[in-house]
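Okay, here's the structure, questions in a sec.
Labels run A, B and C following the written order; every chain starts at residue 1.
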Amino acid sequence: MTARDLPVDGLASPAWGGFDPARTRGSGGDTLRSFAVAARLGWQMEANWTDPVLFFIYSVAKPVSSALILVVMLEVISGGSRPEFRAFVVVGSALWAFVVSGIAGLAWSILEDRERYRMLRYVYVSPSDFLVVLLGRGLARVAVGAMGAAITLAVGVVALGVPFEPGRIDWPLLGVVMVLGLTSIVAISVVMAAICLQTRQESWSYPEAAAGALFLVSGAVFPLAVLPQPLQFVGLLTPLTWWVEGVRQSLFPGGLTAVGGEGSFFTAVAGLPAPAPAQIVLFLLATGTVATLASIAVFRASDRRAKDRGLLDQTTGS
Amino acid sequence: MSLSPDLPAIDVRGIRRVYNVKPHPVVALQGVDLEVAPGEFFGLLGPNGAGKTTLIKILTTLLLPSSGTARIFGFDVERQTKQIRRIMNMVAGGEQSGYGILTVREQLWMFSQFYGLPSKDGWRRVDELIEAVGLGEQREQRVATLSTGQRQKMNFARGLLNDPWIFFLDEPTLGLDVSAARAVRELILAWKAAVPGRTVLLTTHYMAEADELCDRIAIVDHGRILALGSPEELKRRVQRESVFRLELDRLDGGPAALRRLPGVVGATSASIQDDGRERQSVEVNLVLEDDTALGGVVGALAGIGSHILALRKSEPSLEDVFVELVGRGFDEESDEHEPPDPDRTPDPRDTAHEAGEREEEQALV
Amino acid sequence: MSAAFNYRPTASPQEAAAWTRRQILATDLRAVGGRAYPRVTGMFREKSWVFFEILLPFLATSAFVFVYRALQAPPEYVGFVVLGGAMTAFWLNVIWMMAQQLWWEKSQGNLELYFAAPMNIMAVLFGMAVGGFVMSSTRAVAVLAIATTLYGVSFAIDQWFLLIAVFFLTLAALYGLGMVLAGLFLMWGREAWHLTQLMIEPVYFVSGLNFPVGRLGIVGSLAISLLPLAVGLDAMRQLAFADAAYPLGTPSPEIEALILVGMTVFFLLAARLTLRLLERLARKEGRLSVRWQ
């Protein structure tokens, strides 16, 4: 087959192997394919440890340490007199490890690809949607975070005396809040990625800083009622608050609530001691939708700005 | 200025370097011996994967040899690294080092501090070098915004900050366009002219560059030095005679008429050109024992009424030398496994015209 | 042009290579300043760190303050958390800006140039630390000042000199440890990134970032003997809150100061040895330039 054999209108001849650039118009199949390839790449990079033992230690030690910090803080003060609080902080801490991994996923992919591998520009100019590829890349870290959360919960139940009755789990609620919560975490991660497109290499720590700040208002390790009312209001607008509450209520129905309770903004306004499952899902859906739409808008704006200023292929170390 | 007359600038004996890579170890250097005199401009010429960068990394104390010894002005590359680092500098092609957030001036000043220049001296030296390399307009521009050619000029200025006694240039024009590459070569020559006692080791796979810059060249392939000498000496290995191509308006009796002339080894007809404008020309390939026989040929042609329309001398290129030594061109694949070449992007300038004839054309009417 | 090219003519390369101790020291000190320069300059050219490195960490520290408030802890525990939050900045500087920095420099192509230059690589690392110190100390002061004001933390300091000395000894030991880690991370290659991650929460836990480390029993004792952050933080808490009912079980601040001196000397010597050995190993295996390891 030579150039003379090509059809006049281009390269669409099946005899040429069937590749037709005109087909890569961003159809659903192409998007899915891009996502799958990026996810596989992300997993291979994330799981590419030379020593599996280290990988195991990393997966266990990091999230478990976070939980232990809080458990010890609790023990130091209460001396074990408030066991219900232990479940509260262990669940919150386990979920927060998931949040940190998830938020960092896309942002670190941007920084790695731009600064270390210098591949960002090639990914960007490929026909695949840039955001879809980033989402795929970030999925691996979300998976590692999920693994860490599960391990921490297991350690909490086995070793830290967290009372757990599998028969009481509200599975439908758990399923719904996990899907909605994951979407919200990814939305926040997209915002962090948008920020890291604009900042220099030293912004590796930004996702963790953001997660730390959200830690304050999400009711992860203490009830929102402890906060001043303005901060409680901010917390109620954050999808992560409803997600943590939803997971807690589904795993430990009737347990301590972070959103409601005496002195809380929610109880003062709604007149309820704790939000009902339907309310949790509704608020999570509403806040998550706003977060998702906002994150896409922020990312597109950041993308445009990065292209305008030539930030996509620069290295910024210091 | 006095240099110890006994100590070569570079003294390499039996250097061997093996990389333990999968699936099997790669021998990048196979017992290389080399001596470079102080003040010499020495070139290592060879294709990608020949071992040039490996050798330069050993000499710049970044890599240990697997066996053998190497010395820079008598200092051992394994044990006396500090002394060597004080008197040498290096610039590689395709370098993306540095910090994008700094300006050119700041970047160079930072490196001046690494070489121990007092701060004020550093700023002054940086300003002088920025002007010398032609980056005056870019002095306050951030490094991340420089073009490739500008960046390489900056790297070159960095290489000169400590006024090195020996300057290692590892493919310094890699990835540069023609004018940027020429500018870098001119800078190198200007520096060499300003400080003639300094030594340069250049690695390159551009024949023309080695031909233009180097006093002596070692042709390297698969970790071995295949030939060593000045560019002229190397070319004479391939072709001892002088070859010319003549374009004549006519040649009565054909090329045979020229074969009988003294000093003519051979004459063959090339082609008959008919440009359709009532003008015909005859091209003849002429092989002479040496250039002095040309005068006789010109006179004989005048005697038989032939007019010379054009005269070109054909010289073998260094690639011809390489082909003679190895049996393949620079661009051709080898049957043997290539050693790993760290971080090199393929160069778009490896085109056929660079490995062609050198033409000295004189149009005679 | 020739004047620019002919800087400081020496008679021979042997003369040019023969540096005095003074020259060597001066070069290393200049290298510190040179390497700190891009860090400090970068701070002023790209200011997002003001938000991400000061405000957000303050909020994260506040979260732990509210945990203690939820538990109705004694007021000095809020002070412990605030002090721990301030010191986090320096630990993160060691981890992010020192320990994995040589590995990053290799990726950027700068590592070869550093090793090819005559200065000591420890000077480069120290320059990175000094440059990062500016940002870390800004963060620490901001967290301390804002949190102290907002949460009504009251300090009771009897021994100012000892407190300041312990602070700087902690930094010295931390930066020494950072240099050791930089060498190790250079050799461990791609694991460096993961190991950095491993050294955040686990170190926070065993160092007692949010609670007195003595509460960890044997684990706390081990931490005090191995981790500069643990012993420094414990000593500073005892000195900064001298009137608090501080839990027993850890040495006195004076002894902890001596431990820090020992750690500083040990880590600096270990760094020197480690970096020297690892440079040789990296040169042997060709790891100074290959980017993907």
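One rule holds in what follows: a contact is a pair of C-beta atoms (placed from the backbone, for glycine too) under 8 Å apart; a residue touches a chain by one contact, two chains touch by 3 or more.
In this text, all values refer to a predicted model and were calculated from it rather than measured experimentally.
Undergrad: Indicate, using Cα centroids, the chain positioned nearest the centre of all protein chains shown.
TA: Chain closest to the assembly's C-alpha mean: C.
Undergrad: Most remote chain relative to subunit B, going by C-alpha centroids?
TA: Max centre-to-centre separation from subunit B belongs to A.
Undergrad: Across the interfaces A-B and B-C, which one involves more C-beta pairs in contact?
TA: By the number of C-beta pairs in contact, the winner is B-C.
Undergrad: Would you mind pulling out the distance in Å between where the CA atoms of subunit A average out and where those of subunit C do?
TA: Whole-Å distance between the two chain centres: 29.
Undergrad: So how far apart, in whole Å, are subunit A and subunit B when each is placed at the average of its C-alpha atoms?
TA: From the centre of subunit A to the centre of subunit B is 54 Å.
Undergrad: If you average the CA atoms of subunit B and of subunit C, how far apart do the two points sit, in angstrom?
TA: Whole-Å distance between the two chain centres: 47.
Undergrad: Which parts of subunit A, given as residue numbers and ranges, touch two or more other chains?
TA: 200, 315-318
Undergrad: Among the residues of subunit C, which ones contact at least 2 other chains?
TA: 38, 41-42, 46, 108, 110
Undergrad: Two or more other chains touching the same residue: where does that happen in subunit B?
TA: 96, 99, 101-102
Undergrad: Over in the complex, which subunit C residues touch subunit A? Could you list them?
TA: Residues in contact with subunit A: 38-39, 41-42, 46, 48-49, 52-53, 55-57, 59-60, 62-64, 66-73, 77, 92, 96-97, 104-105, 107-108, 110, 131, 189-191, 194-195, 197-198, 200-202, 204-205, 209-212, 215-216.
Undergrad: For the complex, give me every residue of subunit C touching subunit B.
TA: On the subunit C side, the touching residues are 1-9, 11-14, 16-19, 23, 26-27, 30-31, 33-35, 37-38, 41-42, 45-46, 108-110, 112-119, 124, 280, 283-286, 288-291.
Undergrad: Where on subunit B does subunit C make contact in their complex?
TA: Within the complex, subunit B touches subunit C at residues 1-4, 19-20, 38, 57, 60-64, 73-75, 82-90, 95-99, 101-102, 106, 109-119, 125, 128-129, 131-132, 158, 160, 162-163, 165-166, 190-191, 193-195, 342-343.
Undergrad: Spell out the residues on subunit A that touch subunit C in their complex, using ranges where they run on.
TA: 48-51, 54-55, 57-58, 61-63, 65-66, 68-70, 72-78, 82, 85, 89, 115-116, 195, 198-206, 208-210, 212-213, 215-216, 220-223, 226-227, 315-318
Undergrad: Can you tell me which positions in subunit B touch subunit A when the two form their complex?
TA: 96, 99-102, 144-145
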